[in-house]
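Across the two complexes that follow, chain A remains constant while its partner is chain B and subsequently chain C.
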Partner chain A sequence: MTHNEIQSLVLAAIELTNQSREDAEQVPVSIDTPLFGKQGYLDSMGLVALLIDIEDMLQDQDINVSLSDERAMSAANSPFKNVSSLVEHIDHLLKGE
Partner chain B sequence: MQHILVTGASRGLGLAIVQHLLAQGHLVIGCARSASDVSHPHYHHFEADVAIEEQVQALFIKIRKAFKYIDVLINNAGVARMNAFALTPFKNMRETMDVNYAGTFMCSQKAISLLRKSANPRIINMSTVAVPMNLQGEAAYAASKSAVESLTRVIAKELSTFNITCNAIGPSPIATDLISGVSEEKISRLVEQQSIQKMAKPEDVLNLVDFFMKPQSNMITGQIIYLGGIS
Partner chain C sequence: MTVQFLLDKMSELETQEAVAVGNNIITYGELREKYHNWLGWIAKEKIRPGEVVSIKSDYCAESISLFLALTHNRNIIVPLSNDSKAHFETFCEIAQNQYDIIVSENDTQLIRTNNQPSHPLYDVLREKNHPGLVLFSSGSTGKSKAIFHDLSQLLNKFTVPRKMMRTLAFLQFDHIGGVNTLLYTLANGGTAVVPAHRTPESVCLAIEKHKVEVLPTSPTFINLLLLSGAADNVDLSSLKLITYGTETMPDSTLTAITTRFPQTKLLQTYGLSEVGILRSKSRDSKSLWVKVGGAEFETKIVDGRLWIKSESAMLGYLNAPSPFDEDGFLDTGDQVEQDGEWLKILGRQSEIINVGGEKVYPAEVESVVLEMPGVEDAAVYSSPHTITGMIVAIEVKLSTDETLTEFKVRLRRHCAGRLQAYKVPKKISLIDNYTHNARFKRMRKRS
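Moving on to the complex of A and B:
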């Protein structure tokens, strides 16, 4: 899966997440969107829901990967800080890094 | 017809739960380390060890592919080895924690995405009266189930966002394989400490399974219900 494909998948997952969120809670579908932590659009369970949606979408393509990470709730270096870092995180996982 | 996953499904209480749910017309997915003797058009068995992460992962991938979603996860798989604390081999303690606690942890975690697709998603865990009674000879077993109780309460809080309820059943002694190694005298002494001084039956557990599964039980979560009047 290429970097661009991962990025498209993550953005599609955000669109999916938005379907179950109120108008005032919509997450901007952009690579620059802060997701979790300071100024992030998602609380911890919102993040969990997004990650589960992404894992499901990857499984639909026969890619089985767990996005859980011990740095998940870290303010300094969470891979879920923004869309861009999340895409990087998935890219590294898929490459087995 | 609900989709219900039962771990530890091949014998004892797990088997009783499977047969009970099949009789109610549900689709039951069973998992155990061994094969199952159950033959029913609505029963699907998978061999997996809930203490091994890779096997749990593979199990849930297969379930997702075959059934798309589950309504209920019953974390029944468990091991119990009675022994004095001072004489309990470290390896046995580790195995007890791995199956009872880590197995429940991993299955519950992997089940979230499948449960989210259900209208009345439920996680039902198994504890024991050995936790509140602090029974001698059950240091590893009671501690592992104590961990399951804490997990139950935390999951109840975290997964309420997804309308998933998580509760646990704490059976008092029932004549199953799990307590086959315990002396009759010890069981009698234990039963005498209960408000209701008699052995429980599998039906008493099934009644609680039914209760937690009911759509009307959607306000009940994070609860541990013990049989026999133990508190």
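Moving on to the complex of A and C:
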């Protein structure tokens, strides 16, 4: 998958999340959106749901990957900080880096 | 205590219906006759007291009378119904049966094995000259355990006369609930009605045809009964009581069944293969609060978990260490909420899902998901996750043709406001088959 394809997929997952969120809790569909942590739109439950949605979407394309492995959890810069860091993280994982 | 009190009943009620299997009705007189035939057969085949005998059969007049004859002969009986067909070999290996009797409607096959059972628990009963009963746990929480009962102790509690009822034999005699239904019925001159199949349609037909008054079943079967619409075209007005046990009842299923059958009383039963079935009383038909006990039972609650002591408890497991504490209490593994003498069964301790320190009971989540239109079945289990330790995962059987994505959105919208966020299933899979086992107990996946 290209970087752009991953980005569209993550944004699509956020749109999916928004479908079951209250109007006041909508997550902006943008690469700059802070996700988890300072000013993040998601709490831990919201983050887990988003990650699983992305994993399910990847699985539809026969890609089996866990987005919250030990490395992600212990990284100095959290990959879940915002949309662009999450896209980077997935890109690295898929390239096997 | 042996079967004499049952024989007295058979003589007293000779022309009364004892067992109805399909169109075949057997009176108490016929049952007694078959019993005596079996006694002769046992003597001829030289099956001696204390020997271990398996019976492979489902409920029928022959298997029931054979069961009673072997009890009289003080054998250790291993009933094996077709529910556990896949495990026959393992179960026989564990029980070390010396005889295998395969009973079908018109034919009996006797196989002698080379087993020489020498279990110390068997010796305890042989010394007392008491009959024994080996039952197997369903193995839903791991390996099947062989539960060994003193059968005369089990029979003892049926000597107190109770109400005469026409009862559906939902479970077979290799399940404590099935044994309980059979012995209760025979001890009180009732009729045990065996449905041709354990499907909602077949059970409903049997209720209508034989005017069944009591349906002992499981929440999962009740759910299927409602979904199938099998009750819509038959007359079930004879049904006075539906009892449910073996698993936690989802609120949604209880509400649905009481609405569908407003004239029928609902009673929650509580029992374990290890200690037998306790007497119970539901606060009312719509309530999940239940009082359990009875003369031969003592209960205590430790750390929110229910412990039971029973005079008719098993002697022990044949293939596992004794689970009793020094006072003879058994840890049921069930987490309960308490309100005075009333209890609410929350679920198995082993099935609690710990999501970032918060406890989730599968039954509570299943209940909410089962409320959704198009959801036929749902089973919650725990799945490990690096962020919260565990997450709530769910398998769902749909009658709609929604995609996973479409269903996810609908499920989340439905659960919001009904469940706290940590209880809402995160991992969702759509499945094609029902989640229950042959005995209509929901089998949750183990992660």
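What we mean here is this: the second predicted complex is superposed on the first by the 89 of 97 C-alpha atoms of A that agree within 3 Å, B and C clash if a C-alpha of one lies under 4 Å from a C-alpha of the other, contacts with A are read in each partner's own complex, and residues count from 1 in each chain.
Just so we're on the same page, contacts are C-beta pairs under 8 Å (C-beta built on N, C-alpha and C of every residue); 3 or more make two chains touch, one makes a residue touch a chain.
Predicted model only: the values in this text are computed from it and were never measured.
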Request  = Could you tell me if A:64 is touching chain B, chain C, both of them or neither one (first, second, both, neither)?
outcome  = first
Query = Touching A:77 in the superposition: chain B (first), chain C (second), both, neither?
reply = neither
Request  = Look at A:49 in the shared chain and tell me whether it touches chain B only, chain C only, both, or neither; answer first, second, both or neither.
outcome  = both
Query = So, A:16: does it touch chain B (first), chain C (second), both, or neither?
reply = second
Task = Please tell me which partner, chain B or chain C, touches more residues of chain A.
result = C
Request  = Applying the touch criterion given at the start, work out whether A:2 contacts chain B, chain C, both or neither, answering first, second, both or neither.
outcome  = neither
Task = For chain A, give the residues common to its interface with chain B and its interface with chain C.
result = 45, 48-49, 52, 56, 66
Touching residues on chain A, where the partner in the complex is chain C = 16, 19-20, 22, 43-49, 51-53, 56, 66, 68-70, 72-73
Note = Counting only contacts in the complex, chain B reaches chain A at residues 57, 61, 64, 112-113, 116, 158, 161-162
Task = Can you check the complex and tell me which residues of chain C touch chain A?
result = 356, 385-388, 391, 404-405, 408-409, 412-413, 416, 421-422, 424, 426-427
Message = If we count contacts the way the header does, which residues on chain A are in touch with chain B in the complex?
response = 45, 48-49, 52, 55-56, 59, 64, 66
